[in-house]
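You will see two complexes here that share chain A, one where it goes with chain B and one where it goes with chain C.
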Partner chain A sequence: MTRVGKYHVALVGVAVLLLLLSLVRLVSGYDDITSSGTFAAALLLAVPIGLAGLGGLWAERAGVVNIGLEGMMVLGTWFAGWAGYQWGAVAALVAGLLGGALGGLLHAIATVTFGVDHIISGVAINLLGPGVTRFLSEVLYKEGTQAAEAGAGITSSPAITSPPPRVSLPLLSDGPDLLGRLESTHWFLLSDLAGILRGLTHNVNMLVVLAVLLLPLTFFVLWRTAFGLRLRSAGENPWAAESLGVNVYLIKYVAVVISGAFAGLGGVFLVFVSTKYVEGQTAGRGFIGLAAMIFGNWRPGGLAAGAALFGYADGLQLRSSGAVTSFFLFGAVLLLIYLGQQVRRLLASGEPAEMVTRGARQYTMMAAAAAGMVVLFWLWLTVDQLPNEFVFITPHVLTLIVLLVASQRLRMPKADGVSYRRGEQH
Partner chain B sequence: MLGKRFSRMAVGTVAGVILMAAAACGGDTGGGTTASEAPAGESEGTLKVGLAFDIGGRGDKSFNDAAYAGLEKAKTELGAEIKELSPASDGSNRGDLLRQLADAGYNPIIGVGFAYGEDIKKTAEEYPDIQFAVVDSASNAPNVTGLLFAEEQGSYLAGVAAATKAESGHVGFVGGVENDLIKKFEAGFVAGVKSVKSDIKIDVKYLTPDGDFSGFKAPDKGKVAAEKMFQDGADIVYHAAGDSGLGVFQAAAAAKKKAIGVDSDQRQTVKESNLQSVIMTSMLKRVDVGVFEFIKAFQGGAKGGTNITYDLKVDGVGLATTGGEIDDIKDKLDAAKKDIVDGKITVPSKP
Partner chain C sequence: MPAGLNRALFTVAGAAVAIVLAIAICSVAIVAAGADPLAAFAAFFDFGASARSQSNGIAAFLNRAVPLFIAGLAVAVGFRMNLFNIGVEGQYRLAAICAAYVGSTFTAPKPIQITVIILVAAVVGGLYALIPAVMKVTRGVNEVIATIMLNYIAINLTSYLVRGPFAGQRAEGELTTTTPDLPESAMFPNLNFFFDWFGVLPPTRGGGVWGFLLVAVVLGLVVWVVLERTRFGFDVKASGLNGPAALASGVNPKTMVIAAMVMSGAIAGLIGLPEILGDRGAFNSNFTPGLGFLGIAVALLGRNKPVGIAIAALLFAFLDRAQGALQIAEVPPSVITIIQGVIVLLVVVANEVTNRLALRLEERRAARQLGRNSPVEVGA
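Moving on, here comes the complex of A and B:
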């Protein structure tokens, strides 16, 4: 498929998704499915996951598996809180970046210089992060210190002094708030689009804008520059890169340190949202970020989609337990589309020889899809209110299902996780 | 060549081991012991009280600090020798802390938080001569005293205050973790609200399911949940969500509405001045009273095996009046309190 073709497919996909969401909202009556509040919450919850995923992307594209993202994120939150309450938001940003980068540097020293197994080093950093931060809190925030006077405790820092600036789109989502007005009319499609746009543009933290810009920037650096080519070659075949004169050690160091910095930035964002460091506020987002990256096939676009999916599901779940049931309908319609496509392909297929070999499996898949569709539709009709236990796990289940479907065609960097030693050909 | 490769491998392995060891040390210092006072000799007859904190430990401005206040009062008023320990951030070493205190000769020993229930039971069986107490959990051994609080009664008053003050006829409740303890808060709150206006709308949201304690540490999720309630028209949101409550206060400040705090007087303990003003009142849980009274009773020769419930009657729970925002409805609150104390109203503890 050509690049233009791919781009078109993506556009059509988004349009179909929007239409579906709008339809489901209209049928189920849950306005929260496309409300600006839900999308604002989704953005809020997706950004730290996306940043952690970006961190993972940089490391793994250079051939270093980074499951230490969570630990680096924890370091980011602590340093952001510590610098933020003393010198404000910009200091928090810088300190969080450095804190995460420090974790990355440690990972690089262990894996690149000493050839420690990437998983072991990552696990160590995940243990080290919370341990070090707790130790620092106990030393710096203990009773009687100035920080404790300002509101610190062993598990939290004082509030950061100057909150980061927030921006809105003038006219559209601020002031006259045209999008907001359009949203409140609840028209089919138009209001949904307005709600989504308003949620993504109204009163947005500056760091969100920065985080979103980092996605195309990462794509550009990794896929459109000589440095990016060298970095990716270190992840695909470091021996070939070495033979062409690339300093693979240096490249890996840079990549892993940047990876830690991105994870730290995710931590900074969490601190900005809560206005302070709270122990345990990362809550496994580093790992979810890693999952989002794998889901996204080690590419920035896919990673963003994964993070957005998780953020949206979590945001909707938090705002409206009832709206979660409409996912049944959503799933049923998706399966229907899949079925339609398969049938069309079956009818259009002109090569009977291939049909025979593929037939059995394809028919089974279609039958399963049809059965699933019926079950989902029936569930949507009969289930009024899901038990809370199910509502809580929706984001995870949803991610798991999508990951399951998507992972059939994933390809990781070829030398990812391989311990590279200079001069040792494979 | 082989030798070189081997030495590299060795270096790699050693480096890995060192890193892991460093990580373990980090965990230790993190989880380790924060002794404030070393026990000064084993003199017979002195009261030696040990206390193990819940996750969060000393300095959480809430639950644990309240327990410490009770301990400190025992030190000054009863002349007790005290020692307190904080668990690791995942709380995995609770049992070890209790044994550490028991081995050092502390008696009685207090565990703060319902999560100590099982560990206290085990330790109490190992040290039958030592008296234990556990906050927020029932007695489960002959030498264990359960220090319980009637959260539903305090929450009932919070519900009365919220319903009286909410002009829109719409209030909300954000719970951190959907377990039996937090459900007591919800049940009392809902009953209190309904006692004022039976047709009032109450939004209820829990942040995480039972067993996932991250709901007490997620201000961002608290913010999202409360934001939704305020957008839907709620006037006052009551939270029982630990640190996540911060997000509820932020949402209230952004929507220019009100919130109700929990456990301690949050209008005093929250330091951000823009958030202080949204905290209409707080449902107080006097863990300090519970801890102090237990130590005092122990000195008087009381033995365990029973539960002591701190309710409205003994002011074990109640509402904070800092800020004076509920002064104008004091009569109504006092009447509700009297009805509960007199037994005219029985507050449900399950929603």
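Moving on, here comes the complex of A and C:
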């Protein structure tokens, strides 16, 4: 498919998705499915996941698997909280970045210099991150210290002093708030669109804008600069890169430290949202970010889609846990579309030879899809309220389904996770 | 000196250096925290003043080591063939709650009841590990990501089960949710008679020394025999070291992935049982979490061999036991987590360094014997 074709498919896909969302909202009666509140929450929740995913992207494109993202994110949250309550938002940002980068540096030393297995080093960092931050809290926030008087405890820092500034689009979502008015009419499609746009533009945190801009920036640096080419070549075939004079060690170090800094930035963001550091704040977002990156096929665009999906699922659950049951309807409709396509293809092809060879497998797939559709539809009709625990696992189940469906189309960097030593051809 | 002995010496030396370095790093941290490192290290060996508290300390130490050892074994079985079963955490929690619930639904003579509970735990753990294994062999899904996702699913599922379908009677004013109590015939007899043999006061807290210790020892032996002395163990090792070569010699890699993963999950299912059968008698919301992740560290430290894992589990349990003693000595107890993390990281680094050193020495030796000046390439 040509480039233009791909772009068009993406646009059509988004349009169909919008239409579906709008339909599901009308049928189920949950306005929160496309309300601006949900989308504002989704944006807020998607950003840390996306930042962690970007961290994963930088490391893995340079050939270093980074499951230590979670630990680096924890370091980011602690340092942001610690600097934030003393010197304000900007200091929190810098400290969080540095804290995450420190975790990245540790990972780089272990994996690049000493050739330790990447997963093992990541596990150790996930153990160390919470351990070190707990230790620091116990030392610096213990009773009787200045911090404790400012409201710190063993599990949380004092509130950061100056929250980051917010921006919103004038005219449309602020002041006259045209989008807000359009949204409250609940018209089909139009108010859905308005709700989504308003959620994404009204009262947006500066850091959100920054984080969203980091996506195209990453794409530009990794895919449009010489440095990016070298970095990706270190992830695809470091020995070839070495033979062309690239300093693979240095590249990997830079990539993994940046990766840690991104994870740390995700942590800073969480601190800004809750205005202070709280232990266990990351709640596995580093891992979800990693999943979003794999979901996005090690590409920034796909990563953004993955992060947006997880953020949306989370945001919807926060706003209205009943609305999550609409996912059943949504899934049923998607399966119906799939079935329709398959039936059309079967009717159109009519080649008996092909039917015999591919028939059995295709029929089982279609039968499974039909059964799944019926079950989902039945669930949507009967289940009013899912237990919270089932709602929490939505992103994880989605990841597993995506991996099951698409993992054979995913392509990770060829030398990802390979231990590289200079001069040793494998 | 024979090459094998050389390597073994290097390994031990590397581990020793790593542990010394870890202690040094933590001493720096303790000093920075304004405490006395010597007092901290004294706290690790301080089991209490009275005879009763000393035997309680020993019991707590052994009781902590048992689940860590089983967790290490579970992870190691996967590691042996380069399968990263990060999902031990989820597998053991789900297995523990199912076993606790099934065990509470009937009453049978002690051996039967306990055997059924152990079997249920192993089956649930194995089945839950079957999911990522099947995903890997049929659709090529990376087991690391799949097991991480399944961990979150299992953790949420257990908290739903303990609150909803598997919930038992909650005592008045009690905040913790719990499964129904196990009958008396399900409780594993403790090993307190050992203390009587030596004329020491038996421990009283936490159900004494859990009898599941014996099961863990047997399990360790079985895993050792299976991995080191059977065709299956050889196939596992061969697939891990060189997949294509194993395939060429007639080992089906798909079967091996499923077998190793299910075995790992089945062992993981037992991790929670010592606590449930030895002390609590039910699965409740105070159930010890995090053993699966610690198991990864223990397996790494023990180099995936049962004896090594036992030593690593004892070391970690020894460190964990000092939680209270450290608090009394006014040292932040979180220093334990740091020591554990640093030891793991340094030991794996030391492994790499000693491997490289041993290889270089061997190359020199080969060169000397062949009468050449340049080192000879020797396979790792």
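The rule is short, and it goes like this: the second predicted complex is superposed on the first by the 408 of 426 C-alpha atoms of A that agree within 3 Å, B and C clash if a C-alpha of one lies under 4 Å from a C-alpha of the other, contacts with A are read in each partner's own complex, and residues count from 1 in each chain.
Definition applied: a residue touches a chain if its C-beta (ideal position, glycine included) is under 8 Å from a C-beta of that chain, and two chains touch if they have at least 3 such contacts.
Because the structure is a prediction, the values reported are computed rather than measured.
Chemist: Have a look at where A:His396 lands relative to chain B and chain C in the superposition and call it first, second, both or neither.
Modeler: So A:His396 only meets chain C here.
Chemist: A:Gln146 in the overlay: touching chain B, chain C, both, or neither? Say first, second, both or neither.
Modeler: neither
Chemist: Regarding the shared-chain residue A:Thr155, is it in contact with chain B (first), chain C (second), both, or neither?
Modeler: A:Thr155 sits against chain B, while chain C stays out of touch.
Chemist: Classify the contacts of A:Gly115 with the two partner chains as first (chain B alone), second (chain C alone), both, or neither.
Modeler: Both partners, chain B and chain C.
Chemist: Where does A:Gln385 make contact in the superposed view: on chain B (first), on chain C (second), on both, or on neither?
Modeler: neither
Chemist: Please work out whether A:Ile67 is in contact with chain B alone, chain C alone, both, or neither, and reply first, second, both or neither.
Modeler: second
Chemist: Please indicate which partner A:Gly131 is in contact with in the superposed arrangement: first for chain B, second for chain C, both, or neither.
Modeler: both
Chemist: Which of the two, chain B or chain C, is in touch with more residues of chain A?
Modeler: On the superposition, B touches more of the residues of chain A.
Chemist: Once chain A of both complexes is superposed, is A:Ala41 in touch with chain B (first), chain C (second), both, or neither?
Modeler: The answer is first: A:Ala41 touches chain B but not chain C.
Chemist: Would you please give the residues of chain A that touch chain B in one complex and also touch chain C in the other complex?
Modeler: Correct list for chain A: 106, 110, 114-117, 120-121, 123-125, 127-128, 130-132, 134-135, 138, 284, 389, 392-393.
Chemist: For a test of understanding, state which residues of chain A touch chain B in their complex under the given definition.
Modeler: 32, 37, 41, 44-45, 106, 110, 114-117, 120-121, 123-125, 127-128, 130-135, 138, 141-143, 148, 150-156, 158-159, 270, 273-276, 278-281, 283-284, 314-315, 318-321, 388-389, 392-393, 419, 421
Chemist: Please give the residue numbers of chain C that touch chain A in the complex, ascending.
Modeler: Those residues of chain C that touch chain A are 29, 32-34, 84, 86, 135, 139-142, 144-146, 148-150, 152-153, 156-157, 159-160, 163-164, 293-294, 296-297, 300, 332-335, 337-338, 340-342, 344-345, 348-349, 352-353.
Chemist: Touching residues of chain A toward chain C in the complex: what are they?
Modeler: 67, 106, 110, 114-117, 119-121, 123-128, 130-132, 134-135, 138-139, 284, 287, 290-291, 294, 387, 389-390, 392-393, 396-397, 399-400, 403-404, 407-408
Chemist: Quick one: which bits of chain B touch chain A in the complex? Just the residue numbers, please.
Modeler: Interface residues on chain B, with respect to chain A: 8-9, 11-13, 15-16, 19-20, 22-31, 34, 56-61, 65, 86, 88-89, 178, 205-209, 212, 214, 217-221, 223-225, 227-228, 231, 243, 246-247, 250, 270-272.
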